[in-house]
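There are structures below to look over.
Shared between the two complexes below is chain A, which pairs with chain B and chain C, respectively.
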Partner chain A sequence: MKSNKAIGIFGPIIGTVVIIFVLSPLVVVTAISFTGASFISFPWEHGWSLRWFTQLAQQTDFLTASINSVTLAAGSALLSIAIGVPAAVAFARHTFPGKSALLLYGSSPLFVPLLLTGLALLIVLSSLGQGPTPVALLFGFAVVNLPFVLRIAIATLVDFNVDQENAANNLGASALQAFVRVTLPQIGPGIVSAFLLAFIIAFDSVPLAVFFVTPDYDLLPVKLFFYAQTNFDPLAAAVSVAMIGFSIVLILVIEVTFGLEKVFGGGRSSAM
Partner chain B sequence: MTAISATAGPPDLACSPGAADSRHRSESDGHLRLEKLSKHFGDNSAVTDLNISIAKGEFVAFLGPSGCGKTTTLRMIAGFVRNDAGAIHLDGRRIDTLPSRRRETAMVFQDYALFPHMSVFENVAFGLRMRKIARAETMRRVGEALELVQLTGTEKKFPKELSGGMRQRVALARAIVVRPSVLLLDEPLSNLDAKLRKSVRDEIRAVHDQVGITTVLVTHDLEEAFSVGDRVVVMRGGRVEQFGTPQQIYSRPANRFVADFVGHTNLLEGSWEPSATGARFVSRAFDVATTEGPDRTTTAVYTIPPSNIRVSTDVARPDSDIVLRGTVISSSFYGASYGITARVGDVSLQVSMVTGAGAAPEAWAGREIWLHWDAADGHCVRA
Partner chain C sequence: MPRTVTVSAPEPSNLATGGIFAIRRSRAPRLPRAGSTTSGRTLPYWLVLPMVVSIGLVFLYPLVQMTVSTLFVTGADGSARFTLAPFVDLLGSRRGWDLVARTLRVATVSTLATLVLALPITLWIREAKPRLRGVLIVIMLSPMLTSDVVRSLGWVSILGANGLIAGVLRFVGIEPPRILYTEAAIDIGLTQIFLGYMVLSLLSSALRISEDLVNAASDLGARRLQILGRLVLPLCRPGMIAGCAIVFPLAASTYVTASLLGGTSNPVLGTELYLSAITNLDWARASAVGIVLFILIAVVVAAINLLGRVATSEVQR
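After this line comes the complex of A and B, so read on.
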């Protein structure tokens, strides 16, 4: 009871402090993007303007890089889901020789710095006589994302009552029908969160992507990284604000989707 | 309710065998036959050489302590667990090689395993949708099934909005709506509170009697097994200890384990030996002749129900087949009855006395009494 009381008093304070620390950089970046000056400064010092957003809209290379990054992130996240979820079913429900070793192997990309993974990928590609292509990078990120997808999917599936699938089979459903109609709707939220995590990792990672960027194929985080190194203008801030806006829209879409799903009785109540 | 039984009765069960099939099997073949069924998990054998034959429309309860193999047996019938050896026949057709969805069994799970993201209607309609039954027919049959379990009007509710007893009934409706050949019930009452248990138990039996479906129930609860089962299979360690009607099992337990498990409290050790007239049970406290018995002397247990023992505080020796002199250790008042513990030599006996017979056993502690019964009231079993 004592500790609960302590949490009751300090909980909101700690929460507020954490939120301030997390959000303040975003607030600063957002403020800078609206400056009228040609160097990084606050708009209340040098006047408010949308000039950096106008310039961003005119600079199509940022848009192209963004589209490349979204495509790459979505593609690699989908691929890691396609590999990771069936693998998670095997890990969560079956015992087989070498299971722990295989799970550890599946998690191993987690223990290797991304820069080394990128180098290793390049070396493997060159030994195969291949260059650093976007498709190769997509596969590379799928491997990097796999540990996260595996962990989240296994955790979700362990909570799921297998007897629901048994019940479906017993009532005449094939294994695939049972998975699609009974299991998938319930583990859906877990898979969506695994997808989002994988998407974010692939979207904003510079270390692995940096080896695959060419004059014809640019990616947003890499472009932003090099731009900020050589330019000291608020365009980078405008790009950041555009990304924040995109994220907010994405989160709203997911919230609405989950809200609807709750209306239909979904959610994570798997122990039924 | 009566209208349902006309449509959902056995004659139009979707899975009734063709006439050609039924000609090939003799009457002695059961509707559901488990033949030398065995299953082991790793080094542990869960079920060994199980042979059970169940008649069409019969309600059979598998009874035993946890880990006795009863649930594994049920799951083998349903097809969730593959048997290592032996066979399962349904209507003369071998089903243990078929996937679960082709076996025409329907299971009610211990935790119901309802689909939480589907409404009651969608849950019950699931099996019909998988069978591609037309929409109108589906609506009609789901309505009938829900009426049968008295849940009409809950179609749009979700499982989490229902009480435990209602979820149980949805699970039952979901199983019977597909008109399976065999209904499988896995500890269907264990998650319900004691008050609800009795009414749902009676309801399960009532639904069985209306639909006339062959039913296999698994339970660790003696009262549940005896009250719903036409016949009861008592299992221990993956083997059948006894298969018979509840009356047979209670009054003639096959061995000490069954006697103990079905609630016989007075188990007296002794030996069972052949005699000129048949056989005798011999113990330190008493001897008694039995009509049947072993060919040679074996260790045995004599069981006498507490309610079959009469007591007398008279000085005169009562006139019964078996009369013992004992000392009352304690007596407890239970309302409708008294429970008396008496010591005879080195064994103690439990006696149940109906209240209001004139006696006042509450003050009997330490008193010498006669305990007596007739030979026909007791029973001798192998140890």
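After this line comes the complex of A and C, so read on.
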């Protein structure tokens, strides 16, 4: 759409300022991670160095927390997919009484602050005699990310032309064969993106996880949060950069396989 | 048993292309569509069952339980007594109102700031060529997939006493004012963190504005400001309303950002919830804080949606 009648040249000018605003925290914290000094400073003041990254590689506490975060996020994302995709099939392909109510129900975790959800879960668990456990957090994340998985899966399935399955049936395939050999390869990228989105959200999330960390079980963003509250040093910046790098990799995969914008529910030409 | 191959009758919408087959529709047997079987009526319910159960068990039940146990206290004799004590304690105190006021302030300021900042970039994206558009969208949305902690620490790096701004000011000989650990720092952080959501909402409205409309306005002699003010912005209103309804709850629930950028001297409801729950082990108070936050958000979002409906009916008039 080539024109400039609505905002014209002011678009790029103000827009660039906005982009700088949006990216600056990430850029600045990355710069700090390369400082050679032992306190918060910039590499151009005290020299460039990779010392904070080498130190990070030796911090077993941060490394363990990272592994915990990755496994927890992956497990909860898988669970989200397992719960959400069947529901999405129902919503995308069938009409039935109560459908819109159930759709609202499926989005309900979005309406409550994550902190409150986490607190409620903690209280219930302890009233049952259980403390906060990683398994409970896994279920917590799986449920809290369901609305995102649902939205992507429904959009993917709706886009998929079911007549292809009908054609496969007509040509002799069973329902299962049709699903596996025709439908799955085409909805694959969408499902993978749903998984990755659920993964990233769970990996990055603090307000839910913060109720579930114990001396024995730590999670990376929570650990970084508490660490930086008391002493924000270049090590915290290095951890931040590692997390940013990890996110960038996942973002690129999502963008290439599905499209970042569609993953958030927008489409360049789709109605939201 | 071999499956008989039959041409599947076309849907009514294919009447135009169905040709002779469309006429045969009433006589041709209907093949079951893939995915729907003779148990088709109950199948959808089985498919949504895991979702219903998991959300109910992990999300709804704990919230209900928490609310009930906050409102009803079991006395020593085992009887349940309705009480609003935690709420009275919270809202009756100076601190309580300070929390509510600050939460409202930061959420409102940051929501409005995201709106103001998202508009120019959205309109740029709308007018950009497809490839630039894609790049801009990725740039604007990518930060949303980084952690709040990381982004907030980024702002600490910029606004702190040893940060970028302070360094630059000292370099030119000005004593840097305190920005970190003020409410303004929270506003800035929240604005950057939630800008992406507002851009997404605005985009869905802005992209629907047909270029023909803009051209027509321009051909009729409207200047840019007029096109913006009387055509483009009113048409973006649904996106603005939706964006505010998304960003405000998120900003009001802030915990990490308020902690890192505001510190202990700028508590909000989110920080108070965690403080009560984990540091003070006062779950009744924490629950009360959480419920107050939820009600606050619900009221404001309802007001935003009401404003949206009023504004839309004005446009239609």
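Basically, the second predicted complex is superposed on the first by the 223 of 272 C-alpha atoms of A that agree within 3 Å, B and C clash if a C-alpha of one lies under 4 Å from a C-alpha of the other, contacts with A are read in each partner's own complex, and residues count from 1 in each chain.
Assume contacts are C-beta pairs under 8 Å (C-beta built on N, C-alpha and C of every residue); 3 or more make two chains touch, one makes a residue touch a chain.
These numbers come from a predicted model, not from an experiment.
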Message = I'd like to know which partner A:N166 touches here: chain B for first, chain C for second, both or neither.
response = both
Key: Partner chain in contact with A:A87 - chain B first, chain C second, else both or neither   = second
Task = May I ask you to decide whether A:P185 touches chain B, chain C, both, or neither, giving the answer as first, second, both or neither?
result = first
Query = More residues of chain A are touched by which chain, chain B or chain C?
reply = C
Ask   = Regarding the shared-chain residue A:V29, is it in contact with chain B (first), chain C (second), both, or neither?
value = second
Message = In the overlaid three-chain picture, which partner chain does A:Q177 touch, first (chain B) or second (chain C), both, or neither?
response = first
Request  = Look at A:S100 in the shared chain and tell me whether it touches chain B only, chain C only, both, or neither; answer first, second, both or neither.
outcome  = neither
Touching partner for A:S240 - first (chain B), second (chain C), both, neither = second
Message = In the overlaid three-chain picture, which partner chain does A:L122 touch, first (chain B) or second (chain C), both, or neither?
response = second
Query = Which chain A residues contact chain B in one complex and chain C in the other?
reply = 166, 168-172, 264-266, 269, 271-272
Note = Per the touch rule, the chain A residues reaching chain B in their complex are 161, 163-164, 166-174, 177, 181-182, 185-186, 264-266, 269-272
Ask   = Contact residues on chain B for chain A in the complex?
value = 78-80, 99-101, 103, 105-107, 109, 111-119, 126-127, 130-131, 158-160, 167, 174-175, 178
Note = Listed in rising order, chain A residues that touch chain C in their complex are 1-8, 10-12, 14-15, 18-19, 21-29, 31-32, 39-42, 45, 82-84, 86-87, 89-91, 93-94, 96, 99, 102, 105-106, 108-109, 111-117, 119-124, 127, 139-140, 142-144, 146, 150, 162, 165-166, 168-172, 175, 178-179, 197, 200, 203-207, 210-211, 221, 224-225, 228-229, 232, 236-237, 240, 243-244, 247-248, 250-251, 255, 260-261, 264-266, 268-269, 271-272
Inquiry  = Can you tell me which positions in chain C touch chain A when the two form their complex?
reply    = 3, 5-8, 31, 33-37, 40-41, 43-45, 47-48, 50-52, 54-55, 58-63, 65-66, 69, 117-118, 120-121, 123-129, 133, 136-158, 160, 162-164, 167, 189, 192, 195-196, 200-201, 203-204, 207-209, 211, 214-215, 217-218, 224, 227-228, 231-232, 242, 249, 252-253, 255-256, 259-260, 270, 273-274, 277-278, 283, 286-287, 290-291, 293-294, 297
